[in-house]
Amino acid sequence: MNFSSDNAEGWAPQILEALVEANEGPMASYGADPLTDQVGKAFNDLFEKEVAAFLVPTGTAANSLAFATLCPPYGSIYAHEAAHVQIDECGAPEFFTGGAKMMPLAGESGKITADTLAHALGFSMKGIVHHSQPHLISLTQATECGTVYSPAEVRAVADVAHERDLSVHMDGARFANAIAHLKCSPAEMTWKVGVDVMSFGATKNGCMAAEAVIFFDPAKVGAFEYLRKRAGHLFSKHRVLAAQMAAYLKDDLWLELATHANAQAQRLGKGLSDLEGVRLWYPVEGNEVFASFPGDAAARLMSKGVSFHPWIVPGDPAQGQMCRMITSFRTQEADVDQFLKLAKKECVED
Amino acid sequence: MNFSSDNAEGWAPQILEALVEANEGPMASYGADPLTDQVGKAFNDLFEKEVAAFLVPTGTAANSLAFATLCPPYGSIYAHEAAHVQIDECGAPEFFTGGAKMMPLAGESGKITADTLAHALGFSMKGIVHHSQPHLISLTQATECGTVYSPAEVRAVADVAHERDLSVHMDGARFANAIAHLKCSPAEMTWKVGVDVMSFGATKNGCMAAEAVIFFDPAKVGAFEYLRKRAGHLFSKHRVLAAQMAAYLKDDLWLELATHANAQAQRLGKGLSDLEGVRLWYPVEGNEVFASFPGDAAARLMSKGVSFHPWIVPGDPAQGQMCRMITSFRTQEADVDQFLKLAKKECVED
Amino acid sequence: MNFSSDNAEGWAPQILEALVEANEGPMASYGADPLTDQVGKAFNDLFEKEVAAFLVPTGTAANSLAFATLCPPYGSIYAHEAAHVQIDECGAPEFFTGGAKMMPLAGESGKITADTLAHALGFSMKGIVHHSQPHLISLTQATECGTVYSPAEVRAVADVAHERDLSVHMDGARFANAIAHLKCSPAEMTWKVGVDVMSFGATKNGCMAAEAVIFFDPAKVGAFEYLRKRAGHLFSKHRVLAAQMAAYLKDDLWLELATHANAQAQRLGKGLSDLEGVRLWYPVEGNEVFASFPGDAAARLMSKGVSFHPWIVPGDPAQGQMCRMITSFRTQEADVDQFLKLAKKECVED
Amino acid sequence: MNFSSDNAEGWAPQILEALVEANEGPMASYGADPLTDQVGKAFNDLFEKEVAAFLVPTGTAANSLAFATLCPPYGSIYAHEAAHVQIDECGAPEFFTGGAKMMPLAGESGKITADTLAHALGFSMKGIVHHSQPHLISLTQATECGTVYSPAEVRAVADVAHERDLSVHMDGARFANAIAHLKCSPAEMTWKVGVDVMSFGATKNGCMAAEAVIFFDPAKVGAFEYLRKRAGHLFSKHRVLAAQMAAYLKDDLWLELATHANAQAQRLGKGLSDLEGVRLWYPVEGNEVFASFPGDAAARLMSKGVSFHPWIVPGDPAQGQMCRMITSFRTQEADVDQFLKLAKKECVED
């Protein structure tokens, strides 16, 4: 019963098969291969638009390279105070951008509101050399609290950003889970509501190591390819990334896998919410459940072989009391049910 | 009647005289001159301790070089959300450190409390590679709100920091004003209460352009001299900086100038607080007065030739309503009185 | 007939099988998995010594992270003027180190001699703040010219370096080919002759994307893990890298693959050297052959479906005249022979 | 008898007087003062063109900020292997640019020829992401060997650069000495022959600490002002820099001071060339003389109170044998003559 992370799972069989197929014959290196070309077209189809897509192996690389492309060293980047880019990347955004300033914003359930952004930008002193100049806002979709921005919420933030000449980035490490929840199209959640660039995650949802940076306006690509190379993120055997992503996009595998993971999170969340003394801290919308257990129940569950982590979300009132449980493309209903059975027992005993 | 900034004033006559004297004959360049040596000794005397002192022309350079010496690129630096290092240096700390993360902290009247720091460090995940590692806390003395930390307040913050292996930096752009207020010794406000490194400001208080970075433990100097050189802050005619600082330290000129400036701020603050409709936002302790005027009185005062700035302090309830007035070593009592007379008239009329 | 690059090939079947096996069940992420542990032990065995080994996906990442760990921003790094780190990584060393200075050195056949290094270090002004301070020498093994340093040659360079407090890095993107040529042990080519840290390449020689940074003295690891994380090179599903490397090291697969590639290069080199008008520019020692063809023969060969690249090695007399041909773990004898047959025809016709 | 450096001297009386005058009354800080405005106009007059001029305190800052403005992190900058920017700034160009690559070029007498640049750019692989992309060529005028580029020489290099989309920077730390030698106008030595941006030195030639960065095309200014601020080089009391530069430009003081220094170098060079066993290594064109003395004569001269430095110019055949003597705006004829008298004695004795 592993609910510790979607990173703790392996990869979907389709991904492996794609790597078997991609192993035939020589192919041009560094992205000049036909599989990479095919992925580019698949992204155009997915987003119903000509986009510029680039592959990298990790989400930190995807986010930071997007930032470095769109924000100069004297710029600033706004993100939720609990965002992965702010607290879980060991300063990667500052490193890749050459020292841009991260501006953490508060917000309930992991979300930034348009008002919060507008208020913060009110202090930004545009055009005054003493102050880092706002260039980007990064939204995480689904959020670090497992919640999901609606298209209208993104639109509102993007409008504030664009009025002040900021670009809008979406950290979509769990984008598939967000779409599975919203049941809208990828276009409706991105460029149609003002997203300029996104990190399109695939690793957590069934790939080995593959993420894409998508520029919805190819004119914004700028120096991305040079920055990727000098960061060591341009794969020589580029088909390794391309084969994974091609399989991930094919026949909506991405959506199928995320839909499964989300369903397990729903089952888990529903089951936990029925238990005496258990509190869910956020609406369960993606594949994450944040809950507190009565007394020492959490510790007892962990000691009995259920894997999950005590968790802290900066800025949240639950600090120090809650646990994070994550479901994945591989989570079995039986595992969820067994967990719930155990949890029921431990919560009652407390 | 200029209350716009202590940077708007020129320099004290003693500083000019020192530069006349220092112009005699050849001297070794880049700091190997006797004046620089003399300044080193003067700092030892001032701080009653063997210190390592280095001269640079600006406060931003002093702060950022201190940071880069004591914080690696994967480190983080805590500072008040209104601190100069956080909002007024266009990302210099991020630049000099190679991308360390600035962590803004809230706090009343421009001050960080020990509790606030301890709480924030509780989320810092020491030793976990995903997270920027806390290395420094920077306190501004006097603060951006014109208030002054007591030795006990600094001690409390420093204790929290040292327990968690952080170094303590003091941004002393207006250190002289703080000491003039506290009437303690420089040692009692720095290393005796846990400060490890400071930016010792002189420019605002009567020099042309001269600041010192003081390491209270010479073992912490590390690569400072290389970092200063590659940042373009090692003066070839180093006596230019040394002569200024020597004169500034001689016969407690620094304290005399700051005492004068503080007295004018007191006079101004007292006078304003007596006026109907005027509100002082912070205790007047250094050489800064933050006040709001009734109706359009502020605008009318500015239109009649009084120079000061509308001001915003991030995180403060007064946002958008207050004005900042600064006195300096050159401010005349007559100017203060004339301002007060005008202010009385405009406030009544409103 | 693809002799364009060892990056143009896919991966060995053992690597794929390892990824199939590694896909079983949940594993701790970010390197806390048992496969990563196993790889660490395998490297200890391989090098007959307790080493500290870290996995990354690309050679540029491996080299640059090693540099950033051992060279401060005010340091300098010496490398051959034709080295991959100097000319093929788009400034990655400068990026990762925060602006260390690359010092290109000339040298025949892609090699740096002890004398050349000693001469260059004679100008380095140790301890003088005006000058970037030498911290590292990087040797490429096998070199960019397909030649191989003998243990004695490395020892001589390392002695010069260590006498002046520099560390010695080996870029081993084609280390396996070098060992296959030398028939010495990995230990005899590395720490036993003074190498402090190496990039141990596996991608070119049969993996998908996997390289290791090996510190022969674990005390030199320093901040490597933080630097890797903030560069986006810490894989979440770390077993992806570990499984590849475990398979690559198992039963000397690495050596078997490189031995095959080298044999094909020997066959190709030998065959070409027998042709009228063909000149080999460097001894064929690894898996690379550099040759010039008479007249337009090279162009005709390429038009008939043989893939290879016109090539320039900075500092070499052959500039503009030669072609690079690379063999790999997959190159077939039949391909070599067919190429030679074609080449014979085209060279005679010219 | 100090010939150690032009940095070892103080400042011209006109500079001091200007700082006395500039001390009157409050002035807007950070460059919004009337003196800064006046300097801008003076530079327009000097260069017979609308230029964008910015003041900084040191030459390293001027050079590096110019580089950072015109060269991205993935770019490369060509300079003579003996250039100050390459060897005497502790990696400042790499720091300010965020890790651009310095490309050292060989060249006689401290000069880069058009052919050398064209040859080097032939290997630069424009548009290929693996390679740092050439953005700048920096010429030092007068050179580190005390020689002076003719307008035609600069034109030839600039033509090569511009054809390949590089910008041309001139490090004019001793620009005044070059103009005093050439007797051409500043315009004829800069934008009229293709210079895009220059560091206009004043410190070595009689100021305290004042340099200007001049963009001959104001459209190239880009983010300069943000970069200057975040590097700590924007003076708060900006009139300190402006007053110096205004006085330096007024009534051609700069040219008068440099003409004096050059005349002393001529006198010194002529006198030394008449001595048996003394060899001058470069034509004396600016204010520097590079000579070797027979036997131990140099050491004896230094022990008798003549200050100068043994000197090494990378890439030069004289390595290890020569001494550098520098004259300044303050060097007295009597000092030169006394030196020559002593030198005659010591050289004969050897």
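A, B, C and D label the chains in the order they appear, each numbered from 1.
Following the convention adopted for this analysis, a contact is a pair of C-beta atoms (placed from the backbone, for glycine too) under 8 Å apart; a residue touches a chain by one contact, two chains touch by 3 or more.
Treat the numbers as computed from the prediction; the structure is a model and nothing was measured.
Looking at which of B-D and A-B shares more C-beta pairs in contact, the answer is the pair B-D. Taking each chain's centre as the mean of its C-alpha atoms, the one that lies farthest from the centre of subunit A is D.
With centres set at the average Cα position, the gap from subunit B to subunit C is 51 Å. Centres computed as Cα averages put subunit B at a distance of 34 Å from subunit D.
The distance from the centre of subunit A to the centre of subunit B, with each centre set as the mean of the Cα atoms, comes to 41 Å. Shown for subunit D are the residues in touch with two or more other chains, namely 30, 73-74, 89-91, 95, 98-99, 129-130, 226, 229-230, 234. Put simply, subunit D touches subunit C in their complex at residues 73-76, 87-91, 94-95, 97-102, 104, 123, 129-132, 312, 314, 319.
Residues 30, 72-74, 98-99, 129-130, 133, 223, 225-230, 234 of subunit D are the ones that touch subunit A when the two sit in their complex.
Subunit A makes touch with subunit C in their complex at residues 2, 4-5, 7-11, 16, 19-20, 22-30, 56-62, 64-65, 89-92, 95-96, 203-204, 208-209, 226, 229-237, 239-240, 307.
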